[in-house]
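So that you can tell them apart, the chains are marked A, B, C, D, E, F and G in the order they are listed, and the count of residues begins at 1 in each.
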């Protein structure tokens, strides 16, 4: 951690961590789940950044960058799951709209395999 | 090939599980032969190892070839087989094999579409238990404990009874706490010694400087509490009765004899091989306290068993009491107490198996699990009843069954160390067992008009669509369930009658240990 | 040296944006506005900080390994840029579905409901 | 303050690990909701991992991956050892005895200072523990779903009450 | 013991009936074969025991190790036949033949259910009895002792009604409770004290152990109460309870096999575990003497008040058992000899009495003493035998009971225990007081109204009457030809 | 229960804290675990100094994980596999009418549609990258952090992402139940197979060194390195399969239909 | 090891752990557990345990939160404590 930039990294890291406090405040206070989720999302993104920061502080960024990358990719999954949860429970509670055809999201899709949705009452 | 046995004994069921997964899904009938052959290989290995060990002393096996000639001890993982765990290997493989035979078709009925998965879990459980037994690495033991626990949670939860699922959840929570405490204890030890190999830790801890180290002390407490949770020692027994009585019958036959016993083995292994008898019994000076805990466990287990109306639950509480026997025996801090405890591990495994198989057959045929609903059973199924009675007699401690001799050694240990409370608890519990079992035997022996229930049995059989099946006697269960029961009953008796060679092997295992060794016991 | 200076500047800028996001997260009155602050500020600040460190990695441009790290850092940027807005979007949507009422505008109209109505008409 | 300096600061990680462990354990025992229990379990397990990883920390050390510049100088040694084929075992033997006698000699031989790298062993162990943790979590979640299917609730007291009542779906 | 013969005869004698049990079950549909099996087994058993007799009388001992244990761990399962064991085995195996015959008559006469089970367990019980008789060490003794308790339980509860259930429960509670609670720890304590030796051969087990009087007393009490088949008060009440069993069971087991196993064990404890010398040194046997004396008197008094014939017999048995224990605890050679002889004498006398009670029940269905008036006329053989049995138990010539009582009294005199001598005499009088009214009532009181219509002899089936006649004759014969008994008992006491 | 829990917790806490002052200070390189005790050099020192000579793997953790303590790792994989099978055994239901407690319609509202386009597109871009990256992590475990387990989880997560972005049946279309169960078994088979191969060549279990006889152009040390890669691949297979299996079962209550 | 990071993260950890157990909305609790696991990951990373951190990243961010959400979806979101 000798070189000058290590210090920069550490300072940046500390600032990042301190600035996470508002996010944690939001987590504590709420008031709704989705507020918390937003804060979580922020912390997740910042974690990826912090990993890079730590890597720089260790002077071994090459070793840390891999899973910062993994984080950047996977961080998405948690938020997506939460969002989907809210969607689905909403769909359950509220009135369902007439069936649309399944969205072909990704390339090698399979409209056939996604089971046909039962018509809503 | 023979020097590879310590690895093969584990690999056989592991490959069995994988093969079941690959081949069994398509055709469920393939599962059973795979299971039997895998366990048979294991059983053969266990016997071979026992012979090898009793002839030429402990076997060291270094996984990955990291033997002590190349690298310091503890770099690789060591498997070590001495007389003690060789005996236990034989017990585990035998019980597993017998249960496997028992599970023939039964497992298929209980888990209709999940038979392959059931058998996979079954075999992985065996892998875990065998692995716990052979390993000489404190952390490796944790991993294998998790293998066995995880599979057993699933086996318990697989049943159709909803209470079984709740019990499985409790079991999981308690089991995780137990395993975590163990892991933490190992961490404390690692922190103080820098190694994970049991022998290496032992060597380092032999330094008197560690006699007063609070870290080692806390490590010991943590490991002990962890293992106690796993073995359902009295105040920590809460998970056991429900988990074992509401799970599918095959599962209960497999878990009840093995899980707690293997945990007791782990405790003894930790006491003797990691901390050393000297440290545990002399530096620590806790023997009296733990033996009194064991006394409470025995009495509480017996009393709780007395209060039960369900057959399997009663047996479960008896396991709690039996665990008290073993813990107390191991902590008597003398040769005979330790011999008794180890011998009781073996004896109790078979006794419990015997009782659980019999109870399961009873329950299946009566469609009821309360004790007072077993009326007139002896008339209907004389062979099953014989097995049950043998198990019951062993539990009471009637000669020449194995249960008598384990009690015999335990009592000797108790008297020699002057632990009168333990002696009295042992006797009281024997009496309570006598009351319990004769209550059942009485009900099953007297019962209502036997002829009527006989017809009824036929009805039931045909109702279940098994009328075409060959049965030994009129109301008897199918041979695949009765034969293992009778074999187990025979083992219970033979283990008692021929206890001398077994005890000799146990003494060989304890040889040279400071407090519990035979030399130390000789006056 | 100049590279380092630029890097530090970028990092500082990132931290400032993050400060903004953080303040917004605490101070804004309702979920949607907080989301607005968080989504934008957070993404941008992350990008800037990572970019800053990436530039730093180019300081001695001799071995190929360093370039790989630089590229990976750029990839992190790219993915943050891709995923963070998407998850913001998903959450926003979910929040709406969850029935969180935004603080209304001056005309008392819920902006989201309006869009929705319009789209239904199309 | 003295107490802080003597007992808290040098052991800060250990203190926090104990605190986390207590939080987790308390939740596992007293929480009524099964999912909450599992959250407690996660925290509990993480506390243990924290303990282990803390053991392996060395001040001023770096991550336990050998650095590039070691690579060059060292690869040759390795090759030489490899080429000697059967002598390999003897050579490591030799190294081992060196190791026992004089650590500095090793450093000179290999150019690897053990104090320069964090202790890898706890990391290895904790990889395993994390895996075990997530497996246990998975199984526990499956069991909770199964319980919910049977009892329609995940609150322990409600489940116990239903068992006691022996309502529909509860086989006694 | 100077010479030891190694032979598997004891094992086979023991197994003869055990192996018969599966055969009996196998032939459960063929009544004749089943009973023939019983008989064959009985004769084979008796033959095997007889075959050993010459060896024993020549002063040798037969030993056979079934399962080899090894030094110090636990004793092997060992058979060892000496004079006392031989005596007991002779009595038990000879009476089994008679009892089998009687049982067939009784069971058929009453059309009992589950006869197969009855005969099978009967056979197993006999095996256990012989096992106790031939046991070569304390462990083997305990093993067969427990086996006997368990094997007789289905016999006691044979009727499977509420009364049987209660009786069986009492039976097991007492027998198992005391054997686990007292005998087992005593055994293990002995094992520790003796340094791993439990064998009856050679000196007494504890002869060289350092044992304080208090320890000795506790151990002795634990043994005597632990082997509660000996019926010492306060652990006696299982015996009247067990009278719910069918009469053959009461006859053989609760007059001969089971209870005699109890006193046999107590004798073993006195002679082979402690040794007379040690007991004399410790001076603790007197306690047992007084407990036994108390039992003798009290049980006789209770017996007088019993109206149920079998219960009266049961209390009489309790008293007679304590005679034996009292004799042994006097520690004098003649008293011990008398005790051993009394095993045989009382066996013959009491089995006769039980047979008679059973025969009366089979023929008339009467159970109570008060119902027996005038029965001497209709059942002269039975009541005659009853009189002889009563004489033998009381000790009136010319019956065998006199001889053993004579030795006992002699021994009491030897031991200078005149109070205990008085106990013997008083209790003999009491025996007379509770038996002879029965005989008197049967022969000299007129039959009650309404039953008098039956004229002439109306005995029980021959299979019942024959055995009781045989045993009655045996009782008398033992008075005139006691040579064998004396010889066997001398073998045991001669060494002391 | 509350009081009992509190007491147990406090008791445990006090017990644990009581030992803390006895610990070697945090970060002390000479603590027993790090620096060894007197004449017992610590095992970890051996790992740091000798791993490269023994195995030629710069990532010490990977080397220890897959070689020195490979036995542990094998069972760790078995734990995962067991968890997968356990969840299958507990939850999977084959029969019964589809009577879900929630309507399982794919979200078909206009907003939903809209959302699916955005998320779907992002996922379409990102999933191949994740999968590629996962393979990189598995393969590069020798030189940087990563390895079979991490790679496997990421790969599994990519399938989970498919399920989240579209729905479960779409993911199952790519990675069916039969396939993932088989893949899970195969992963352990690979691992244990490497071990068994060593046994077949008359060395101890998992003694990879001997495999240079059958691996082309390797020496014993490189054989270790290569075999480690092999077992990591095995681990990755199992982990991928089981992580997805767990998700699939949990998210659809074991029905493997639409799911969550 | 980077001491300032260490201390800050540990304090955050305790806070998040407590909150995730306090919050009655299980979805929120789960997400907070996710934060907990992010922080744990950072902690491992700054203590030099990269492989552990990587695993925690993959598990915490990738799968364990999703597992829990899936379960909550099929059970009940609200907890009584």
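Structure notes:
Keep in mind that, in the parts below, a contact is a pair of C-beta atoms (placed from the backbone, for glycine too) under 8 Å apart; a residue touches a chain by one contact, two chains touch by 3 or more.
Treat the numbers as computed from the prediction; the structure is a model and nothing was measured.
Touching subunit C and subunit E at once is no chain at all. Set side by side, the interfaces F-G and A-C show unequal numbers of C-beta pairs in contact, with more at A-C. Ranked by how far their CA centres sit from the centre of subunit E, the chains are topped by C. Centroids built from CA atoms put subunit B at 47 Å from subunit A.
Inter-chain centre distance (subunit E to subunit F, centres taken as mean C-alpha positions): 73 Å.
Each chain gets one centre point, the mean of its Cα atoms, and the points for subunit B and subunit G are 37 Å apart.
Mean C-alpha positions place subunit A and subunit D at a centre distance of 25 Å. Residues of subunit B in contact with two or more other chains: 71-72, 139, 143, 146, 150, 153-154, 157, 165, 190-191, 196. Annotation for subunit C: residues touching 2 or more other chains are 65, 79, 83, 86, 90, 93, 97. Looking at which chains touch one another, you get A-C, A-D, A-F, A-G, B-D, B-E, B-F, C-F, D-F, D-G, F-G. Listed in rising order, the residues of subunit A touching subunit G in the complex are 1, 10, 13-14, 17-18, 20, 24, 27-28, 30, 33, 36-37, 39-40, 43-44, 47, 50-51, 54-55, 57-58, 63-64, 66-67, 70-71, 74-75, 77-78, 81-82, 85-86, 88-89.
Residue ranges on subunit D touching subunit F, taken from their complex, read 7, 10-15, 18-19, 21-22, 25-26, 29-30, 54-61, 63-67, 70-71, 74-75, 77-78, 81-83, 85, 88, 92, 95, 99-100, 103, 106, 110, 112, 114-115, 117, 119-125, 127-128, 131-132, 134-136, 138-139, 141-143, 145-146, 149. Residues 393, 396-400, 405, 407-408, 411-412, 415-416, 423, 427, 430-431, 434-435, 438, 442, 445-446, 497-500, 503-504, 507 of subunit B touch subunit E in their complex. Those residues of subunit F that touch subunit D in the shared complex are 1-2, 4-6, 8-10, 12-13, 16-17, 20-21, 23, 25-29, 31, 33-35, 39, 41-54, 56, 58-61, 64-65, 69, 72-73, 76, 79-80, 82-84, 86-87, 90-91, 143-145, 149, 219-222, 246, 249-250, 253-254. Taken together, the subunit F residues at the contact with subunit G in this complex read 27, 59, 61-62, 65, 101, 137, 145-147, 149-150, 153-154, 156-157, 160, 164, 243, 246-247, 250-251, 253, 259-260.
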